[in-house]
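In structure tokens below, several structures.
First subunit A sits with subunit B, and in the next complex the same chain sits with subunit C.
Right, the complex of A and B next:
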């Protein structure tokens, strides 16, 4: 034992060790690590250790033209890349005062909701894998593949799509794609009942998740927690509803919320939002108008964005995903700061909430909070 | 309160604001002096701007200044507020706001690492993301990433056909 762990000292009863939870731990999501000080099985101190995934996006965008960056920025986030294109395009549209055609807004809404569904499916697998229900992860990853097939048909790529561009989207929906999407939505709706039986009504999962990492409403706001994690504490706030982007202001939907604020509430919140995404796609497909899919844009090589700064945020599967973009009137972004959805949860809240938990709770807590290392290690 | 009333309210209740600018209907920015940053942020926190979304910085190399940016959000008014202040580029330092928001410790550690800004009162200056970094802070404009990569990894050579 002592070869693996660093011996730190002795308290009254037990010896205290330092444990590297990650980056090679099977329960860790991505290249990230928590250094835990453990006393027996109980965690005494948590220090996050990011840096293994740093690719320097904020610097790289400063060397490339405004439209060249479209190929770069989806790489920031692996499970849900489309949010990056959307934030970046919206920022340029706000700075240049470009109006996006209505059909393009609807297509963006559909693509973003599909990306959210695939991110949630990843999350289902995470909860399954960390509670020992490996069936859930196999099922959800294979179901996610149906969505990736549709993405491939629509955009030519499975994971990084580069589909949402400033001024609209790259191309119109192909023939027959809408029907196939409807079929997939109906299939996922049917599968949701199976997931309920497998995960959300499973006594084992309920027992493990109940009371895990409970946070109160005030603490969540103070710590900058957003998205499903905030809604699970009872704050009914959703950027799609309150600061609408794409075509969300034209679609009628209700935001689900929970009250408990513990791991189970967060898991159930994600399940409810999965249902919401299915409903939004159905409504968007019903209302989608005809028309052009991209506004007239200047030559990409000579494209300049007027001087100014803007903070654009959208609702990702993990919360508020935002860019602060500054332009000095040139052909490249002057500064782009990324605020990932789980920045505060993974780096700061973890130091507070995980103290007193057991080692096996760390992976589960990360799965319910949907901690994604690229959010802070960009 | 809508944005207009909110701007009026801030103007009437806080002295020393240099500039207020509306960016869109849900977002506006204010500029203050470096010395007033703790005062304005604690005033805004008490006026229901409870969420600190981000602390970041912009390096204005031609003006010899660094702009420190605090992005706040109010769940009550649904308004995004960007608070800006300018500091000297040669000896960049500003007071830490870790007593106002605990999460500021990590944001400030991040900005310290990438811009070399000294946050007075925040002693946590351990490297967060860049381990064993020996060059100047990388998000400064005079840091050339291509030159750095050429010196560290050697010049890029094309494969021979």
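Right, the complex of A and C next:
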């Protein structure tokens, strides 16, 4: 107990302690955590303590061939690994001026939206877990399994797909896969009503989340908050619309948004985007053209990327996920920096917003903000 | 009220889920709902590897691409040796493997695949102690994939999805109408951009290096071309090959026939890349790039009889060892078969001269127009410290059909010799008629028929050449390109016929040739021993016959006292391991030792040079 709770002193009413809140990863130690200074139940000060979760990634890529890195980078984000492959591949395509076949762009869109769905399902479980509705986590994880089955069929693996490559994708859609995906989409659509009943229309959840960690529009923009968290404050900013990639510019869709900017708005924003992803997949499946799935690419062992630097961003389930890549014209990246979706939220905004909250709000705030330590813990 | 009612009835809501199917499945008793017809994991799952050890060539491309360093190429004794393959096979450490399947996507032979097996379980070794358990467990993790799981195929890669560049960069070539009007070189050669693209295809497995008779470091010079460093490339080429301009055009490219990319697609155009490298560096630059100072001073003199590829090669290597070299060449220019056998449209004069000029610039003396007879041989033997004989196969073989002195029946080599002389304006005309028959199925026969086609086009305006060979299309020794290109130039090729008799008209001029069907070319010991069926006949009309059925060596210049001590086998001199003929100071190289082809000539030249050097050290 003494290690996680340090006595600091006493004010007029309460004793003040330093509380070690974390690590936020069940699997390993040495991770990201918050050190909270608590006055009774109220948080006085928050200091994030970045750990050593991803201490080597950016360095490791410098020692591997451009294509070998495809096996490494999905590991930066477990719930939604495909975004890493997409950002990395797009960066290489931009530096090399490679045109991706249209069919590959559509497949990428479908895969990215499937990944987004499985990330949101993870998030449903998070909200369920932190509000005590454990049914939500059982449901969402088992529904996510259907998506993983489809990933396994298409890419050969359940979690780390290594499917999107520079120039296109690794395999064409297998026979019967599209039909099964449609079935799964319809199933998830039906399940969404049940999730509504379980979570979003649940008076308990509404009461608990309303007003939690409210973020104003201006503050969100000032702190560089992106993704659903920003949209929940009323700013309709989505990279899929603003800087379209893959086949998003060919698909017609509207970005939902909320106004309140509190925990409930963020949770509902995610639920709305879940619906949007289902719609985008339906449209993409309808429009997908025939053709090759990969451009003619050089021999991976002698693949050199022209000298230059590029910043590529895409919309992940948590916001702007981006890589900054520098090539010196060699067969390996010269430098790569990763900007995770919840980078500013978890590291900087938390110091401001969490002050004044209660200890039990911290985990819930993290769940509604979708704070993912691998985004910034390096 | 409503709130109370809801609170009371809401828990009953969950009862309906009792009647629903569970989302989870009980593997392995049940199949997944997403692909119910497939048992277990998905159809293209990336599970544990399988490898067809017979099909695998041990190129190591999987090892190169593996992002986790899980694959190691290990040499095994139980792997059968075969041409164009090493005895190494991949061994996979499942403690490191991340099941990305990149090794499968780059496999050059498609022998490696991934199965739908993913459980790697093994009994806990009961005898393990803390010290030994790591070693025992690693036995179960580090394993050589074999065909165990091949029945349960998962992730396999066909040519469509292969990461390798299977198609060659197309080489520019003059169209048949254009090229058959002249003796200009047919192949245009790669541009810089094309060469870099072609060099990029190479996976640097090094199988070519083992197949090449002179073991050129092909991956190294291709890498230099890829890096746009022609100087480095030429430097690398000249380490082993003194005649790259020649080899870059007419080498029999044993390297390309074992190229690992050739298993799935087209092999890397190694020969043309070499040509690109040396063509793009002018001769004046050579001395800045290639070492041209001897590594030692031996202070001895060596005579080389015959200025063909083998002789030039021996001269090149010996001059680096500090020997004084004199080449005796009976023709007006050095080059041997490269000059007087290979037609100019395959090997232009300039290219050959560039190679020879560089060798000359090293201080090698070439005495042309010097025929060696027995007396001269004795004189050289006394004068020089060592002799290398590299006179080649320069006597044409004959079918014995033509009676003595029959006009209009010529051998291949004298004919090609005349064509070369004609092109360099040494003689004013080559004797040729408007209907020519060429006998033979080797590259030399095609050289003859294609030269005839060009001469006929120049002289008569139309082509009428018939070429008849013993072999069937599957065993014809000539290159595929020769067959295709000669057909484009108007040469008619007839397979599977052997000559029986020349038909003469009343005046004794040649009217045609009577052929009989060849049933088999080789006997059961794979020796040349054709069998004919006289009942199946074919008569070809022609007024001139060129016999291109092989060449023979001429050893008449060697005095009897030496020749009687030499051993011969099927026309070739039998040498000891130092390339010595068994007589003091006399070595041999070239076609009279091994071959016939140019790259073997260079290889034997090098070995003879080494033998000479060993004699004095």
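Miscellaneous remarks
By our rule, the second predicted complex is superposed on the first by the 363 of 378 C-alpha atoms of A that agree within 3 Å, B and C clash if a C-alpha of one lies under 4 Å from a C-alpha of the other, contacts with A are read in each partner's own complex, and residues count from 1 in each chain.
Criterion: a residue touches a chain if its C-beta (ideal position, glycine included) is under 8 Å from a C-beta of that chain, and two chains touch if they have at least 3 such contacts.
Please read these numbers as outputs of a predicted model, since none were measured by experiment.
Superposition of the two structures on subunit A leaves subunit B and subunit C fitting side by side, clash-free. Of the two partner chains placed around the shared chain by superposition, subunit C is the only one that A:180 touches, whereas subunit B remains out of contact. After overlaying the two complexes on the shared chain, residue contacts for A:250 are found with neither subunit B nor subunit C.
In the superposition on chain A, contact is made by A:146 with subunit C only, not with subunit B.
Contacts of A:54 after superposition on the shared chain: subunit B is touched, whereas subunit C is not. By the document's definition of touching, of the two partners only subunit B reaches A:320; subunit C does not.
By the touch criterion stated above, A:311 is placed in contact with subunit B alone, subunit C being left untouched.
Of the two partner chains, neither subunit B nor subunit C is touched by A:241. Note on the superposed arrangement: subunit B and subunit C approach each other to a least C-alpha distance of 5 Å. Taken together, the subunit A residues at the contact with subunit B in this complex read 50-51, 54, 56, 58-60, 63, 94, 221-224, 226, 235, 237, 242-243, 308-311, 313, 320, 322, 324, 326, 334-335, 337, 339, 343-344, 347-348, 376-377. Within the complex formed with subunit A, the residues of subunit B that make contact are 23-24, 26-27, 29, 50-54, 56, 58-59, 69, 71, 75, 78, 80, 82, 101-103, 105-106, 114, 127-131, 138-139, 143, 145-146.
Only residues 64-65, 67-72, 139, 142-143, 145-146, 149-150, 152-153, 156-157, 160, 162, 170-171, 174, 180, 184, 294, 296-302 of subunit A touch subunit C when the two sit together in their complex. Chain contact summary for the complex, subunit C toward subunit A: residues 23-24, 32-35, 41-46, 61, 64-68, 98-102, 105-106, 114, 154-155, 161, 163-165, 199-204, 226.
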